[in-house]
């Protein structure tokens, strides 16, 4: 366990994240241009989507694929309800703010997922290729549930909002690349491997440097706007999510690697897709609560402590 | 040189809302508008900065539209309704233009 | 605080034409100008968006120049000639500045 | 539609100075501001262009802040002091806004 | 033929293009930042220029190089005349608009050229390295001819316009990299191969995702502004161009691969360099006609049907 | 010597620089988006920092490391004094402008440093990995000395300025990556080598294309604003700096490669970090003098003539 945690904490990936975080907290002017960050995000989506699809093409479609997708959908829809109940009791947040925060924890952070995949690769643990599809499936449901929680029978999200979330650029690239990878198979993967496989880890390091800077900014904002009870939620909620993810993964029968990924998905909180959707669908909720909480508290927690913990727990099921 | 009095409407609005504001302007048959990016800002709800991978939430975009005085109210009313629940600032000022027919 | 009345000329012009507009301003000895990017817009000729690999055609750029009232006509006449066949909108408004000597 | 008279302060300032200008606005409790990028410009000190790897020196950024008339002087005085030794242009114009409480 | 077409249509390259196109038509907000798209375009120019130059350095200068350049120049100058005659008869376009559209078809689309090169590589067909230089030579002449057609003896394009087109950034990078590749030769190529050769195909995939989005936007605009006769022109004109290119290639004696590339160059239509030049030199022509036609009709046609067709026809000369 | 110079001048790296320079002088509109240029700069910083740190991890900490850092600090603080004395005598610059120019020559240009490293690699000359740390150490001291020269006992730079320079984004990435490379060692380097090692040279070529464009712009501006005496200073000052660097390197006992790098550091002039700092700390100094001089005169001089010269001189100590 300690070995795994130390080797994860000393991986270039996590170190670059910490570098960005520290630079941001020390008020360095280090920053990555928005266009570059978006370009890298697109690249990472394209790469994991394609690799996942090619993996499925090679290993064949598993009966567990469908169960895993179902499990993901159910978890993404039920975690917000649990989060909402906890927030209503344990914090001072208003109904609307609690629902908004809950939506973030039901949805996922693809960067945390990437970090977990990379940690599995380093540890030599294998995982199901289709977990990428599960990640994509878990992006949206939480938003719809949260809107229902916020309104409690009031007016429902228009079809506009659902369309916007489902055809969100990054989901399109992820799912589309997954499909292209599935069609192209091993040959396709080989033909573009020197773009999407070889430099992948390095790009992820540079990307995490940026994410560290952003998380540091979130942390600084959070100091002013978040109460202790809310910060605590940002740390124990991932553990609750991970536990649920673990149970679901065991029921579906995922491999230890797949279990670790499912735990990571449930533990992670969105900070891009969900905030944008909520600004349209739930403008009364305060971004100054949900953004710093997800980005400045939960994301760094998962990157440093959460992911190695989930890996350790999952690896016991070998 | 002869110039004509028009109104310059400047809308600063949070990025996720831009599509709706533009749809509204289209609906009201505003002859044109231009969208300018912003890189940072501060308001009552805190400050934001566009560097790095940030979502749209929080960020603000500027929309400029030059319209005839007679159209101003027709545009401001629904804009007010749209922006009142969201983050947005609408300001109007007098400008002189050199091509009358364009607006 | 003492301020001085000047004119703010705002030119929205299609990107391929920018170099010519700036050359014109240089020729007329305008003391200065600043060029701002735009990301999207709509006019009578349809809408445009700067994302992706797009050429310059269609896209609009904003040029702001603060000049003394006495210079306005001198600048507007040739600007009008230049812009009349092309895509471009010129508007002028009153502003107060704090440094007189600069313009 | 009822509107309220406010002042729109537009500051064009060299990029290295932006942090200090924003700190000044924060200090004076201005309710908000938005920073817009610029891509090129010319002044008495020559011209600049933001393409390529260029440092901050030379480049200009635009800061827009809409404030109540009563606050204008309070902001302009220290701005003048700050900008007088540096590169910067401050202009103020009248605008009508639709939400009074915001400023 | 069907094999070739299917394998081209199912290549990751075309699939990513189709993904972008579909996302755009479904009104997804998928988009690539302008800076990233420009950076990739620069990279692709640099890479094909350098590889072309290094190829010439290795294989020696071919006597056909000069003939090919000449053929390219003549085709680029004569195709607009043919296109103009057709447009004047078959469509309702004004003289000026017809000339403007004609200019686009005389000039070339470098992305279509890249796609054809990649398809040749996949099919194992070889081609002359200097075709890159032919592509560069064909960018500009069409513009001058078209201005002459539009004015019909009226005022000629000033030297400013010609300077602007000839020193256009992307031509400078293409020609410059070709020259640098020629000077550096095989050693130079080897020293930067892991930047310009290995990831090339993957970058092209990501770039085509973007081009698909742009083409989709063009297609949407075109629906509103283009008449049927004009849309039809956007589909049969590439075939006429390709036929002319084929004849020229046979006369010059190009290899089957080189023939396919020459056909592709003649069939493709510009959508970046020519529109920008025309806004300056022929502002009366409506961009709302030539942009959607070239970008939304001809470009997708060539990417999906045209290129495999030209390859098939050219491969019969083996 | 002539061999070395020719092979350096004909390396793709220098040829791309010259391409950018020529395009800019011929007023081509070739330009690289700011975001891409910044992204490449970040990448290059990350790559050389990491490689340097991993190198130190592999070869162990050398007692010379500390001496080299010390030498760098002393040189960076004393070169501005020498430059200031020369400028006061040989040119018409005001006290403040002379101090500002002097600051640039005491600090360093990391791109020139990269070009020298690459030339050493091509020539097969080895150098000490920690020279990257020396480069980082030499960025800031010159600024403080120059402010003291300009003020001559007047008000000192506030702590704000020093904080801004020391936590400047690119220094943070360079030093941070050096540290991460040191912690990750050879294994870490291997895991991201296909991102930071393999494509490095190619990225540098593209980056130098951009730097050529910028230098050309500087050269054009300089023609109008720089007197002959100032231009001459921009050419002989690097040689003086290189001579001092050589002496220091010999005293410290650096390898021939390390000596060439130390000479290059002393010969090069900053054009990003120092100008930005001076706009805040010494706004009376005219950017229209120091920017074109450093960027348009000294930088191209070092890229074409300086670096091969320093290599040749240093290689005689073998």
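Letters are used for the chains, namely A, B, C, D, E and F, taken in the order the chains are written, and counting of residues starts over at 1 for each.
We take it that a contact is a pair of C-beta atoms (placed from the backbone, for glycine too) under 8 Å apart; a residue touches a chain by one contact, two chains touch by 3 or more.
Computed from a prediction, not measured in an experiment: that's the story for all the values here.
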Chains touching both subunit C and subunit D: B
Labels of chains that are neighbours to subunit A and to subunit F: E
Most distant chain from subunit E, judged by the mean position of its C-alpha atoms: D
Most widely separated chain from subunit C, with each centre as the mean of CA atoms: A
Whole-Å gap between the CA centroids of subunit A and subunit E: 40
Gap in Å, rounded to a whole number, between the CA centres of subunit F and subunit D: 34
Euclidean distance of C-alpha centroids - subunit B vs subunit F, Å: 45
Contacts with 2+ other chains: residues of subunit E: 31-36, 38-39, 194, 198-199
Numbers and ranges of subunit D residues touching at least 2 other chains: 36-37, 93-94
Pairs of chains found to touch, sorted by chain label: A-B, A-E, A-F, B-C, B-D, C-D, C-E, D-F, E-F
Residues of subunit F touching subunit D in the complex: 31-34, 37-38, 40-41, 207, 210-211, 213-214, 217, 221, 225, 271-273, 275-280, 283-284, 286-288, 291
Subunit E-touching residues of subunit C, taken from the complex the two chains share: 14-17, 20, 45-46, 49-58, 85-87
Residue ranges of subunit A touching subunit E (in the complex, touch as defined): 33-36, 38-39, 42-43, 46, 50, 163-164, 167-169, 172-173, 176-177, 179-180, 183-184, 188, 191-192, 194-196, 198-199
List of subunit D residues in touch with subunit B within their complex: 1, 3, 6, 8, 22, 25-26, 31-37, 61, 64, 66, 93-99, 102
Footprint of subunit C on subunit D - complex, ascending: 10, 12, 36-44, 60, 62, 72-73, 76-77, 79-80, 83-84, 89-94
